[in-house]
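Listed after this line are the structures, all set down as structure tokens.
The two complexes that follow have subunit A in common; it is paired with subunit B in the first and with subunit C in the second.
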Partner chain A sequence: MAEFEKANSIGEWFDQRLNTSGFWRVMMTEYWIPKNINFLWAMGALLAMLFTLLLVTGIFLLMYYKPDVNMAFDSVNYTIMQEVAYGWIFRNIHGVGASVVFLVIYIHMFTGIYYGSYKKGREMIWLSGMLLFVLFSAEGFSGYMLPWGQMSYWAAYVITEIFGGIPFIGDELVIWIRGNFYVADATLTRFFMLHVLLIPLAILGAIVFHFYTLRFPHVNNEEGEFFDYKEESEKYLAGNQKESKVIAFWPDFLSKDFMVISIFMIFFFYLVFYHNAFAMDPVNFDKADGLKTPAHIYPEWYFLWSYEVLRGFFFDIAGISGKSLGLIAFGFAQIIFVLLPWLDKSPMVKPANQRPVFKYWFWILMADLFVLTIFGKLPPTGINAWVGFYASISFIVLFLALPYLTKLEAKMVGGK
Partner chain B sequence: MINESRRGFMGKAFGAVAAVGAVGSLVAMKRSWDPLPSVMAAGFTTVDMSKLEENKLEIVKWQGKPIFLLKFAADMPAVEKRSVKVGEHYYSVMIGLCTHLGCIPAYSSANKQFKCACHGGEFNAAGIHTFGPPPRPLDIPPFAIKDENTIVLGESSPEYEALIASLSTDNNIA
Partner chain C sequence: MFSLIVGLVVAVVLLVVNIVLLKISFVPKELRILTIISIMVGYVYWGFEPFAHHEMHPHVAEASYEFDGKGDIEALEAQAKEIEAKGGDRSALDTEIAQTKEFWSNVVAISELSGNVETGSELVVANCTACHSIESEGFPKLMEDTDAAAAYGVTPPDLSLAGRIYDKNYLAAFIINPVKAMHIEHKYPVTGSKVFPMPGSDWMSNQEIADMVAYLQEVASKVDAPTVADGASDFEIAKAKNKEVFEAACVRCHSMEYAGIDAKTSAEAMREYIGATPPDLSQHIRSRGADYLHNFINDPQRKLPGTGMPRVGLTLEAEKQVVDYMEQIGDSKKQEREALGPIVLIYLTILAVFALLWKKQIWKKLH
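Take a look at the complex of A and B:
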């Protein structure tokens, strides 16, 4: 065993046993972040904050929530909302937080796309981020079922029904997922388990992994500039902080993150207290009824774009049913963002506005996602159905064209 | 060399034990998500047809879905490939979900038709779509005629197979 001398302070006592100072140095004071970044680089810390908020409020909701078809609705709408002291605030934070976390995820994700932060050694950052997006989507979906209102029930019904489109095993798969022929008690309890245990565990693991993927390629910067981190960090440590292109994660970078978090939290709690209705669909304040379909079924806003891709194909093409086409398009939409590092053939790591072709692609994609989101909420009748159809087609064409467009761009800029 | 082969053996032994354990675990986990026996038993619903009144819609629940049972009156002609004869009477036996987007249509005895409030689809008493967005007639659940007053929903029968078979051939022609 190594020699241990008597410690002179509590800090030293822990340092001897856990090397806390070394750990702090590696994780914080000598973890280097580029200087050339803006507030969009604070979204990661913001997401960590929001996830913590969801975790903590979730723990408090868990103490009164009852995962049983006969009790769930009242345990939320009566017990938590009216009886438990401050229960309403935990629910509002949890509901608004679930909605807003997707807003920040989308900002985070499209920041990455805009600045080309998925390329040239940063592929694992992108992949682990997309894994987190999938896990958060599953978490959002499973959580939405728990209040057992009409929208909870029918969203669960429609989404589980999607698996019925898988050839050969579809019908059995739907029954297996639900644990019944319809969305029932077995469905509620198993999605409760997923929501409060399995998926959060997976998310925690994926967050740690996502942080780790940043370690070696380092976070991208505003100009997509590559530089020698060793050289720049030595400048910083030698006291030449003004000339160095890097700053320390702590105290330099995180202190700015905390500033952004502070501003965001004021906005967030403004929503929680005064404008929480957008996260609380009125239809979901009717108790779930398997024999009464609401007139319009729509998901929460963050799933609208992919929902619209799913139902955009409302007629048969070349003998393939509209339902199957929608399902194929939906599957495409779910995985295509994951493949982005390999669809973008241009070696340029630059913000989109400096890329001659990609800038158009990026903003057309944004516009298309916006249209899909708007029309995903509207009833799919008349002209709406056609707008949805063309917006869905555009989405697919955009991604299929990306390799060709970026190859063209690579030629234009001479492979730089 | 001896060490190498011993370690190799231990590795293979562990691999074998782990593989058996993994397969066993996956089977058990998969089976734990299967519908319970009580749920499977509730997959059948027995209906006493003698309680039905003519031209009045009866809704029973089968596998969580609403099932429309409509006894035809004397002035309502039986519809080939749709109507089910139980005892002396003809009936419509249909899943009561609009084939457009799954809403539950309402029946009007006066007009002898179903009307869906969601998007205006209409079906006649035999469940054939007559107006609006529904792409096909109301679906028919598996049923078996037990005696002149009783049918069981969820169990297949030659009568049911015949209706379904005629449906698929119709679709092919169309």
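Take a look at the complex of A and C:
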């Protein structure tokens, strides 16, 4: 090992030992991002911000929350909301944050779909992102159980019940997941463990991995343009920043992210203070009661579309029970987005509106997801059940048709 | 159905607007994208919140504080029409409508009489204080609450505040026929074996009933304001007054754990009495909301047909005090929240302005 010169500053002392300046350069000032982007490219940083808020408020809530069926409800609604100084703001941020994080995840995800940012070398970005989506869903679901209100209990009951539809092992699986024959204390404590330890650990790992997957294929840009990053970054470093197609992660890209986050936080805290009932369902302010089924059971808004696919099949078709069909369709809906890079056979990496066939597919999918989301909350009776059925069928057909439609598009554009 | 079609049409229009927006080039692109996303988010929000609530909780008649029987008669007539439309026999209902009309016109007639407090006092002492206490007038409880609940089925209310918190017409109607005034005929049908603990006084003359109501009003007007600690804030004084009404109006059956209030009648006795356990009210301001509570308390059968909870006949003012108290207990940090909100939002707005300026400065060299 070479002899160390005496450091002249604290920065230099660390630099000698950790190469902090090299690390900063690689991760920040010479990590290149395309210049041709809009504010939708800030959703990643916004998600990091929201996750941080959830993590920090979660740590504080953990100091007073009691994972026990006899104490959970009051520890949240009395101790935290009324006794602990400013406990209510931590709970409101956590509750609203959980809902808003899904809003931003969906915007992030559909931005990726709209601009074709999941293919031609960017498959791992997409896959790691979908992994995060699954983990956040599990985190959202397990967290929703903790206040032990009526909706916590009955959502847990309905969702764990779904696993009962799996052939052969279903019934045993449900008992294994619940830790009891019904949703009980054992269910609450294990979901508590998942919510505060196992899933957050997995999320932290997946976030690091998601960042890493961006490193080599680089972030997509507004026009889906492929260019030589080495050449463009040399222009930038030579002071020719106006002509270069790239910007530095710090300070260029992050200054824009910071602006978007700051503006978004006004909206977010408005919700936290004045408009939080959409994220904290009124029904959940009734204590859990296994003997009293609420008039309407529905999941949080971000699960409504897949919930509607699950219950869309309300009658038997060709001797297969509606329940099994719903379960198959639900399974399909859960994994199909993951496979998107391989279902899209068109070579075009362009915003959807510049793609002759995909643009129709994209907007029809959006409309179908809106219908599924809205009808996912309504009671599934009369016309509602049929709208749900056709919207579920449309969802499946859209994805089954995608390979053919995009092959057609590939022909139309001649492989470009 | 109509709102459904409107919703779907709106969805199609929005998507077309979105696609058009993508093509308008004189508006800055980022603004167009923001508009598209706001429209989509707003539409989904409308769908899963206001629209879904509207579909799941059908509109019911507005609360009425007149207590003149109009609502009762209208409801019965609507029911009769429905039966008629289905080709059924409405004669039984027509008898009931006629009885109800007569009952309430009598009540309205009583309300126009001027009552004599002296006679009222004698009548109340002779007829009421065997079961009811009037502590402010020195008529004590004759039994402990639990014994009273065991004897009568439910703890009888103290009457000190009755003349203030209950509507005058309602009191008259209640004295004549409590089951009819409370809208719990389904729990105590005339032909059934279950008898409501308090007998009706339909044998009394209208003037006598008016006298009793006048006496109860006189008694209530003399009750002192609840005592509060020296230097209590306006909020605390209002809260103490609200609590007094809440305790008189609700606590015979309901608990309020977060205020340390236990129901005067035990859960077991309540199950005997109405066939259900009344819920603890600590979080009802969150789980039901003020609007629902007002409509519900005014006449529980409207929102929840068949419920065992009676119409208690609170005046609008007393009902407001009850709901306010539920908010002061169930959402006790509301004031703090509303005071902190603007400060946080102003701070964030200033931050956003600086963030915008910083971004512009950084990006100047890039474009």
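Assume the second predicted complex is superposed on the first by the 416 of 416 C-alpha atoms of A that agree within 3 Å, B and C clash if a C-alpha of one lies under 4 Å from a C-alpha of the other, contacts with A are read in each partner's own complex, and residues count from 1 in each chain.
Rule of thumb we're sticking to: a contact is a pair of C-beta atoms (placed from the backbone, for glycine too) under 8 Å apart; a residue touches a chain by one contact, two chains touch by 3 or more.
Because the structure is a prediction, the values reported are computed rather than measured.
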| query | For the three-chain model obtained by superposing on subunit A, do subunit B and subunit C clash or fit? | reply | fit
| said: Quick check on the superposed pair: does A:Asn240 touch subunit B, subunit C, both, or neither? Answer first, second, both or neither. | reply: neither
| In the superposed arrangement, does A:Ala184 touch subunit B (first), subunit C (second), both or neither? | first
| message | With both complexes overlaid on chain A, does A:Pro251 touch subunit B (first), subunit C (second), both or neither? | response | second
| When the two structures are laid over each other on chain A, which of subunit B and subunit C touches more residues of subunit A? | C
| query | Does subunit B (first) or subunit C (second) touch A:Asn70, or do both, or does neither? | reply | neither
| request: For A:Ile383, decide between first (touching subunit B), second (touching subunit C), both and neither. | output: second
| query | Roughly how many degrees, to the nearest 10, is the angle at subunit A when you join its Cα centre to the Cα centres of subunit B and subunit C? | reply | 60
| task | Name the contact category of A:Thr52: first (subunit B only), second (subunit C only), both, or neither. | result | neither
| said: With both complexes superposed on chain A, which partner does A:Ile175 reach: first (subunit B), second (subunit C), both or neither? | reply: first
| message | In the overlaid three-chain picture, which partner chain does A:Asn19 touch, first (subunit B) or second (subunit C), both, or neither? | response | neither
| query | Once both structures are aligned on chain A, how many angstrom separate the closest C-alpha atoms of subunit B and subunit C? | reply | 11
| request: Starting from the residues of subunit A touching subunit B, keep only those that also touch subunit C in the other complex, and list them. | output: 295-296, 379
| said: Please output the residues of subunit B touching subunit A within their complex, sorted ascending. | reply: 30, 33-36, 39, 43, 59, 61, 63-66, 97, 101-104, 117-119, 133
| note | Residue set of subunit A touching subunit B in the complex reads 175-184, 186, 190, 290-293, 295-297, 379, 381
| said: Taking the touch rule as given, give the residues of subunit A at its contact with subunit C in the complex, in rising order. | reply: 35, 38-40, 74, 77-78, 81-82, 86, 88-89, 103, 107, 241-242, 247, 251-252, 255-256, 258-259, 261-263, 265-266, 269-270, 273-274, 278, 282-287, 295-296, 301, 304, 353, 363, 366-367, 370-371, 373-374, 376-379, 383-384, 387
| subunit C - residues contacting subunit A, complex | 1, 4, 7-8, 11-12, 15, 18-19, 22, 29-30, 33-34, 37, 40-41, 43-45, 47-49, 51-52, 55-56, 257-258, 279-280, 282-284, 286-289, 332-333, 336-338, 340-341, 344-345, 348-349, 351-352, 354-356, 358-359, 362-363, 365-367
